[in-house]
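Okay, got some structures for you below.
In the two assemblies presented below, subunit A is common to both, partnered first by subunit B and then by subunit C.
Up next is the complex of A and B:
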């Protein structure tokens, strides 16, 4: 048997150079991603006077900006509002999306494909395009300036349904048939068999939904006026309007908003990466 | 335990008919194996008994009750699937208890039934494990345990050993046989492996293209196959087929094979026939039809020799260890009483 000879051979030196180039590119990309975050954190600890100093380390670090954000503005309420909206949307959306995805993947009913294609086609339309009709619809339903106006329209999107449908198509049919023989009906199969095995993809979607709603800006800005209902991103934008030069407050508020997500990411890093890989998302 | 009656059952998908009026009666406590090549309709028939496929025509009865319109859970059957279909998020005990929980059986009774099934199948130490932590054989046993705890009227097995390696398959085959001996529950078992069928069945149903070709005990099918399909399907290595015709009360083949007709065969002079002969009924020697050795496969206890006679491959199983090499010229003879003659046109046994 003839030994296979690789087509190209590289010297150890060449390999090291290529690796070094890759590491350099990785480092530059990492720096480009991290630098704005570092700068945000840095400014949040700076006084108004040294705000535009180019140094990353504050000369006279201060907590005044954070004190201001939590005492002069009702920022805790905004954080709680945002958490409530993001968590509710995530939970309700996952429940309904998984039901819809399962029905579209497994149940036989007339018009199934047409319904799926109609849902799928909404992928092509972004929020700014439908924001006016959506606003009119929400106003007609009497949901302006309310938590329901913030929550309900955000629940419906084709992304989760599409992804879950694709996942359920790959679940072996025998699993459901075994449950059917064991005496389970459709809802019991969904609840006791399908939902538990969807845990990886549901966690990936939970992270994506929560992040999207935690960072939501355009819709909350459009649908609410009441300061009691304000969400964090709108509140931060409000800082900008009222205190145009007060970047130190804006950055302190942004740091506070980013912090829970960062902590969550650090704690659940492995699970998040695993679930993103499982769901085929990037 | 119950008898199963399949009466003129038809299955159609749109305009395509895949099961063409199957009739089959399975006695209470019997172990019946449906066997046939891929796509012959055996799994579809089993799924119709289970209630996983609609019945397009005819009736299926379990224990004297027509079950055509009953849901799977109302048929009192249990099924073991090819890929085990264990719930991956439940432990072995939870997998086995699932059907009992759905039927609102008391906790203590569930525990007793699960432990009894685990004892029968040797799963006692694995009750807290998840399916992913089990080997293929253990998973298969859990799937059987899940079926046992329900104490069903009929066990249905859909190619349950196909995913196991050869050694484990032999072991599980014996275990399923033992289980049937112990429980005596009516069993319908689907496989494409005729060895499985031969070793396990009380009766074998050979299916082909949506029809039953023959029903009988394993040895009946082996000794008196009704047609060329059954003759070729049952037995390993497969039966040899040699074309020829009846001349002066003898079978004569263009390959040079000449043999007197077996007793009881009354075929007209000149009839075109196919002679079927099992590989172990062929003798190599100095006399007979000429052939050339093409392949020699010694397995220890016996040697499989593939001959070429006039371009037709002939398999012979030799029990003695003789020196024989590919390319060698030999002669072979058939054991006349072991010949099976089939009409060359219809394929039906004469």
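Up next is the complex of A and C:
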């Protein structure tokens, strides 16, 4: 360890050059990251003939691919199904997780720490590992091929409880104490004091939960066979087999599926990234 | 429904309320508030996890009948070359993915660490792939690497690499899957590292600079040591993602179906195939139990090292 290195002093010119290189690296990496997504959008406006041409901007832009997706396939139904499932899971999960997170952070009852640690220990259990027993379980509950089978098992995850508990630990106690003195019960406090102040974190989590369920593939693939219950991700994965080389249709469908989430991201970028940034560590 | 239950329990019923002490009411409320999630996690996560450990000892037929099979599934696994190949693929995938995610996540975080408008845009762009479903991600990359005519194949053809079928060649497919996984996941790890970098007091860098430390030595002697809790979290989570994560499953299901020549058949994918393609639920359970054991071990180690999930650095 040579601790006595000579003092670093940069001239203004050096600083400018370093900054310029930094910006350049950033720009190149950003373009490489964006390029596949831009290509998806580009192909969805191209005709079958020019599909694999190298131009990013289509020579003869067309809406036929989208027209095809919406008329030849029951795509609207898949979109509505997915919206329904994702929205329901999100709402119920927010309610349950904020209740549990609040109780685990604030209410005193025997076994609280043990319950929290047990819940937290399921944090690393991932769906592919438990999918076979979960499928058998859901089958024996008679929930295969149903909305309840799609929705109920997707509600529960330790991540949301964990984040909300962390949040409630940081809420000042004075707020509840004032309400307690006024004689409010615990549910009243939760509903009219705690829920309103958790709006920022709940809206960030709402986006994350909705996103996760909109994009979910493995569970819907496993638990439903019925085309009436098909969700979008399963549907577009299936297109692939049906329209082997028709990448213009597949990319149009992909664009339709990806676009709402990309728009959501543009609007709520900061909330999404901030809530994830603190997820790992605190 | 739970909403109404608790409402009546805590609603304005002065007579009942006076009978119960404040402490008792708090206890009841605590249990009621935790109940829905505790029950749900127990039934839909805890129980399947326990079942996953035991399922391997049974033979399950298509109608839900069980027959105790002892170690038959595990003996079959021992003798199954495809199991060993899938195990090897899983280890290879993890060995490539975990370091790649660490380096790309930390690299991107350092690149965009300073808060300004340009870096804000970059952060958003690097995170953007996370918004897209893995099915779409897999389809996009499949389209880009179509042999000879896909955009990437064409761009690489001046280098003499245009004819490579990245997803069709057993020597390349795993690299392709790792590459796409990194492209998708790096934004998340960038954010985690940004959170970690923010927690390092700026005075340390200031002091080091006055003592004459250059950027490399302040990275080596300040950033890396103080990032230890973040690094630990990142390595742990990316390891679990690589071995058992849903991301890899979705990508492989759509991009390669475990092929070519089973070169990308990860254990999670192989177990899924055994269960839902060949109806060998018991055998799939045996494979999954190996993964559960690994996960439990990793969780246990994490608990011991972090004293029960506290990642705070002391």
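The working rule: the second predicted complex is superposed on the first by the 256 of 282 C-alpha atoms of A that agree within 3 Å, B and C clash if a C-alpha of one lies under 4 Å from a C-alpha of the other, contacts with A are read in each partner's own complex, and residues count from 1 in each chain.
Note that in this section contacts are C-beta pairs under 8 Å (C-beta built on N, C-alpha and C of every residue); 3 or more make two chains touch, one makes a residue touch a chain.
Keep in mind it's a predicted model, so treat the numbers as computed, not measured.
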{"item": "Subunit C versus subunit B on the shared subunit A, clash or fit after superposition", "value": "fit"}
{"item": "Subunit B versus subunit C as contact partner of A:112, first or second or both or neither", "value": "second"}
{"item": "Which superposed partner A:152 touches (first subunit B, second subunit C, both, neither)", "value": "second"}
{"item": "Partner chain(s) touched by A:134 [first = subunit B, second = subunit C, both, neither]", "value": "second"}
{"item": "Partner chain in contact with A:177 - subunit B first, subunit C second, else both or neither", "value": "first"}
{"item": "Superposition-derived comparison: subunit B or subunit C, residues of subunit A touched", "value": "C"}
{"item": "Subunit B versus subunit C as contact partner of A:168, first or second or both or neither", "value": "neither"}
{"item": "First (subunit B), second (subunit C), both or neither touched by A:188", "value": "both"}
{"item": "First (subunit B), second (subunit C), both or neither touched by A:210", "value": "neither"}
{"item": "First, second, both or neither for A:258, with subunit B first and subunit C second", "value": "second"}
{"item": "Lowest C-alpha to C-alpha distance for subunit C against subunit B (Å)", "value": "6"}
{"item": "Shared contact residues on subunit A - subunit B and subunit C", "value": "188"}
{"item": "Complex interface listing, subunit A residues touching subunit C", "value": "3-8, 22-23, 25-26, 29-30, 33-34, 36-37, 39-40, 43, 52, 54, 95-97, 99-100, 102-104, 107-110, 112, 115, 117-137, 139-140, 152-153, 155-158, 161-162, 185-188, 190, 211, 214-218, 221-222, 233, 236-237, 240, 247, 250-251, 254, 257-258, 261-262, 264-265, 269, 272-273, 276-282"}
{"item": "Complex contacts: residues of subunit B adjacent to subunit A", "value": "50-52, 71-73, 77-79, 81-83, 85-89, 98-99, 102-103, 146, 150"}
{"item": "Subunit A partner contacts - residues on subunit C that touch it in the complex", "value": "2-3, 6-7, 9-12, 17, 23, 25-27, 29-31, 33-34, 36-38, 40-41, 43-49, 51-52, 55, 60, 64, 108, 111-112, 118-119, 121-129, 131-137, 139-144, 146, 149-151, 154, 183, 188, 191-192, 194-196, 198-199, 209, 211-215, 217, 229-230, 233-234, 237, 240-241, 244-246, 249-250, 253-254, 268, 271-272, 275-276, 281, 284-285, 288, 291-292, 295, 298-299, 302-303, 308-309, 311-312"}
{"item": "Residue ranges of subunit A in contact with subunit B within the complex", "value": "172, 174-175, 177-184, 188, 192-193, 196-197, 199"}
